[in-house]
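Each of the two complexes below includes subunit A, the first together with subunit B, the second together with subunit C.
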Partner chain A sequence: MISETRYPPMAIWAARDVQRHAGRSMLLFACLASLVFLIATALLFSQAMDATWARLLDQSPDLVIRRIDGGGWAPIPADNAVALAKRVPGVLDPTPRLWGVVTGPEGPVTVMASTAVVPESVLNGMKIPSAGQAVVGQGVARALPENRLNLGSRHPLTVTVIDLFPADTSLATHDLVWITPDDARHLLGLAPGQASDLAVHLFRREEEQAIQADLAAAFPWPVRITDRTASALRHRTQAVRSGGIAVVAGIPALLALLLIITGTVLDHTGQRAHWGLLKSLGWTTADIVRLQVIRAMIVGTPAVMLGLASAYAAVFYPPAAGVTAYWITGGQHLAALTLVSSGAAMIMLEIVALVGLPFLAAVCLTSVRAATDAPWTMLQADPWN
Partner chain B sequence: MHTPPEEKNHRQPAPCRGARRLLMVAVSASMLLVLATTADLLLRVAHQDDGGASAWMKAMTLSAPALWTAGSPMRHPETVHPGVDLRFSAGLVTAP
Partner chain C sequence: MELNAGLACRRLDFRWPGKHTDEPLVLKSVEAVFSPGTVSLVSGDTGSGKSTLLHLLAGLLRPTAGEVWADGLPVSRWPSRHRDPWRQQVGIVFQHLALIPDLTVAENLLLPMIPRQIAWSRMQEEILRQLADADLSVLADAPTSTLSGGQRQRLAIARALVASPRFILADEPTAFQDDHHAAQIRAQLCRTAREGTAVVICSHDPRLRSSDEIDRRYHLASGTLTENAAKQESP
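Right, the complex of A and B next:
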């Protein structure tokens, strides 16, 4: 025989109370769940965006060195720049980059030529472009007639598109056009042996700021050095701002919370005569407050948990996440968002505190205020009296 | 038939059976949701894949993700020109 779980009599009594006011309890449940869902979705989405960008930026070079002159940016002599950068202690793997922004069929595109060999594990069966050929991102491929891509720059170039970057990599490759170094030099107006800039990795990332003065002094021409931290900070600010805007947009939901609390207060006011009767029968004020808190928890706990679980699914489960991404960003493409367990768990706990605690505090305080009177005073609050 | 006193205490009156069921549903649904979310959180973190975007970021030594238009400072932070900071108030333009 299966033994039944033993519940405290007060909990059973509170559940009976919930059943007596089924409509009001359902309304409270729906309001709390939707409020938690709206706030949690916005915050989880912005946190996931922040984590996704941080993960991508972690792969970017620590420093990028560009040569400047009176007219703005200037190309660098690749081999000379690499040799000079290698002399600075702490610099690892200086890589000359050949890239630029040129006009594509539907707007500016990023042209990139890889001077190093792309590993086979990254290529994953993809073709490598040779002279006159290109591999393009999904965004560029949309506007291509017959696989011919016209790139406008100082020296316009027409290339044949032989392959596309996979859709899964669009977060990095959406606007990318991968061509050979010779084609890139022709397109960007660079002489043989020149590169656009120099990407540098550091032995210790903490030295990012300190090493910049040494690097600048190592080159015989003026340079402009940009670091990864500044870029990461800019992305983080964007993510936090978008989360903040979404929460502000949820102000109507916060007003709903106020209505819930007001409804709770009115409910208790109407119940004063009933509580007076209970007190006449021997109940204490503490018993009545405990009953109301348990009753609020019977409705509130599943509502908050359902709101959190729905928000979690709406951000991290692909079919629902696409709708959420469209709702929040207005974009039609869904990026695979990165989940950081500690961050997501912390946000969920914050929302439990943000919604659950004011709700329980409202229930507790209004109950205490209404139940401290003498029983005969409370009995007189009966509308039939 | 004589009922043992302990069993008598456990037996709920008929109107309380629904309340007991409601309580059981509330507790078990909450626990189920917490456990399911926690389990998914832990499993998903262990098996995350960005589809190769990070690998291409590294292979192409890209500076930023392609979420902004090509040529904009967010997409290509290295193209931001070093301007002399002579603004009236640096924080004013970024204030909400």
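Right, the complex of A and C next:
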């Protein structure tokens, strides 16, 4: 019964109050929406990075084994390495890979000749390069004269670009050049039968830490083993570190701004007198606080929704997504990020916790503080005295 | 003294907070009963404390000493959390009217009804009735700031009456009215009293002091309230 009679009039009056103070309401709306946008962008970007990396790494090898010597990385004897790795229990499908970093027209590029270097789903439907041909990532394809790509190393090579990796795989393929194994060996200076490293899948993925010691012991030369977790962590840290500091530094400033505006809006002298009048007409402190909370929700809910929608667009829709990636990562190219629904729900909850609850708490506390005075005292602050 | 119904003052003293104790009291040992169904008129010179008495009766101020009782309950002693809801039983007309100028006439009448858990349909009925009684029906959607002084005063009275309170406290309710409207307001307040409401009017308007419809007359001077038996003739 109460909900039928008390809350609708209160809600309608709150909406009228928002309309009466349109300027202040708009200021609050803009401030809240900006705050939500800033926080949601950082959270969505971080969550999308996680999801995208998880999707790509899920198709990557569990472990990558590289031979090392006094000079750094050393080529690995492919057949021998496969045979040695197969002896370790739990190791599945060891695959030698051919890849390396060489000089491209606009900086270093990653050359690969083995499909095991990138997830199979990335290569599905792509043209397979033959001798003298290449498939390249979006970052390499820029400003290539007549589709000719010059790759520099001890044995330079010029190839013709026949296809591009799709933009939505650029997190993994941005600087990638896919060429034939013979071209790769020529370019990287590898002898026949040699590979860059060995990719290994495990029977039980959770053993990736435990099995590393057995694998290292199985080879007669020193090796360095990289697992999926370390790989993911390295990329995430690199991506979020630079921009994260800027975002976190901005949050206290915006929160302070929000509190100032909330205080200004609610603690206005005329407002205080208005509340004194309401109390003299039979409103209780609880009624006034309830009115302010409903009023705050009328302004705050669409502001949060707008902030979230803007953040979503800024993270997932180009060209805004490129600007956002630049802002957060400081220049790293990140395109076509993925959002998972559970992650989105978590972000909604985080936004409510980070912005909604402090805002409502500020409204409640400021209202309670101002509305508990004696009505006569409040009326004295009025414009009619 | 009958404390069971209406508003009653018992040995009511009032001094403004922060004033020295050696300064004279605004109200001294005020004793009065304002019973349901009666119209009481408190007269006195400007500054004699009439408005202060009304504010004490309305629970807007706390007495320095003594008590205000409402229907047998010592409301002046109550903490705010109990006095705030009790105030819904009071309809007050301020001397300065205290209307909200940017709201329409109808919206000003809506204000006291919102926290009272009244259905929308009844709110609308009451507002329409009060607008008709106050000759303001055609101005329902007009901003209050566009009204004349007399119209604003009638609106303030309508706002006090609209939620059908148990007690009506009116401060100079006829100050800006011509004779016709002053008589109309007097009749309106008397009609409300006959329906069981305790009506207290503070005024030095001779048209009210000379009215036959006033049941009890008080005079406030030097902080002391005395009851007058006879009405005063209009000059």
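As a convention for this text, the second predicted complex is superposed on the first by the 292 of 385 C-alpha atoms of A that agree within 3 Å, B and C clash if a C-alpha of one lies under 4 Å from a C-alpha of the other, contacts with A are read in each partner's own complex, and residues count from 1 in each chain.
Everything below uses one rule, namely that a residue touches a chain if its C-beta (ideal position, glycine included) is under 8 Å from a C-beta of that chain, and two chains touch if they have at least 3 such contacts.
Note that the structure is a prediction, hence the values are computed from the model and not measured.
When the two structures are aligned on the shared chain, A:Thr284 is found in touch with subunit C, with no touch to subunit B. After overlaying the two complexes on the shared chain, residue contacts for A:Thr301 are found with subunit B alone; subunit C is out of touch. Contacts of A:Pro129 after superposition: neither subunit B nor subunit C is touched. Applying the stated contact rule after C-alpha superposition, one finds that A:Met10 touches subunit C and leaves subunit B untouched. In the superposition on chain A, contact is made by A:Leu57 with subunit B only, not with subunit C. Subunit A has more of its residues touched by B than by the other of subunit B and subunit C.
By the document's definition of touching, of the two partners only subunit C reaches A:Leu379; subunit B does not. Legend: residue contacts after superposition of the two complexes on their common chain; A:Ala344 is shown touching subunit B, with no touch to subunit C. Touch criterion not met for A:Gly356: it reaches neither subunit B nor subunit C.
Shared interface residues of subunit A (contacting subunit B in one complex, subunit C in the other): 4-6, 13, 16.
Only residues 55, 58-62, 80-81, 84-85, 87-88, 90, 92, 94, 96-98, 100, 102-103, 107, 110-120, 123, 159, 163, 165 of subunit C touch subunit A when the two sit together in their complex. Considering their complex, residues 10, 12, 15-16, 18-20, 22-24, 26, 29-30, 33-34, 36-37, 40-42, 44-45, 48-67, 69-71, 74-82 of subunit B touch subunit A. By the touch rule above, subunit A contacts subunit B in their complex via residues 4-7, 11-13, 15-16, 18-19, 52-53, 55-61, 64, 66, 68, 72-73, 95, 97, 101, 107-110, 112, 114, 116, 118-119, 121-122, 124, 137, 139, 165-176, 178, 197, 199, 224, 226, 228, 230-231, 234-235, 238, 298-299, 301-302, 305-306, 308-309, 312, 316, 336, 338-341, 344-345, 348. Residue ranges of subunit A in contact with subunit C, taken from their complex: 1-2, 4-6, 8-10, 13, 16, 20, 274, 277-285, 287, 372, 374-376, 379, 382, 384-385.
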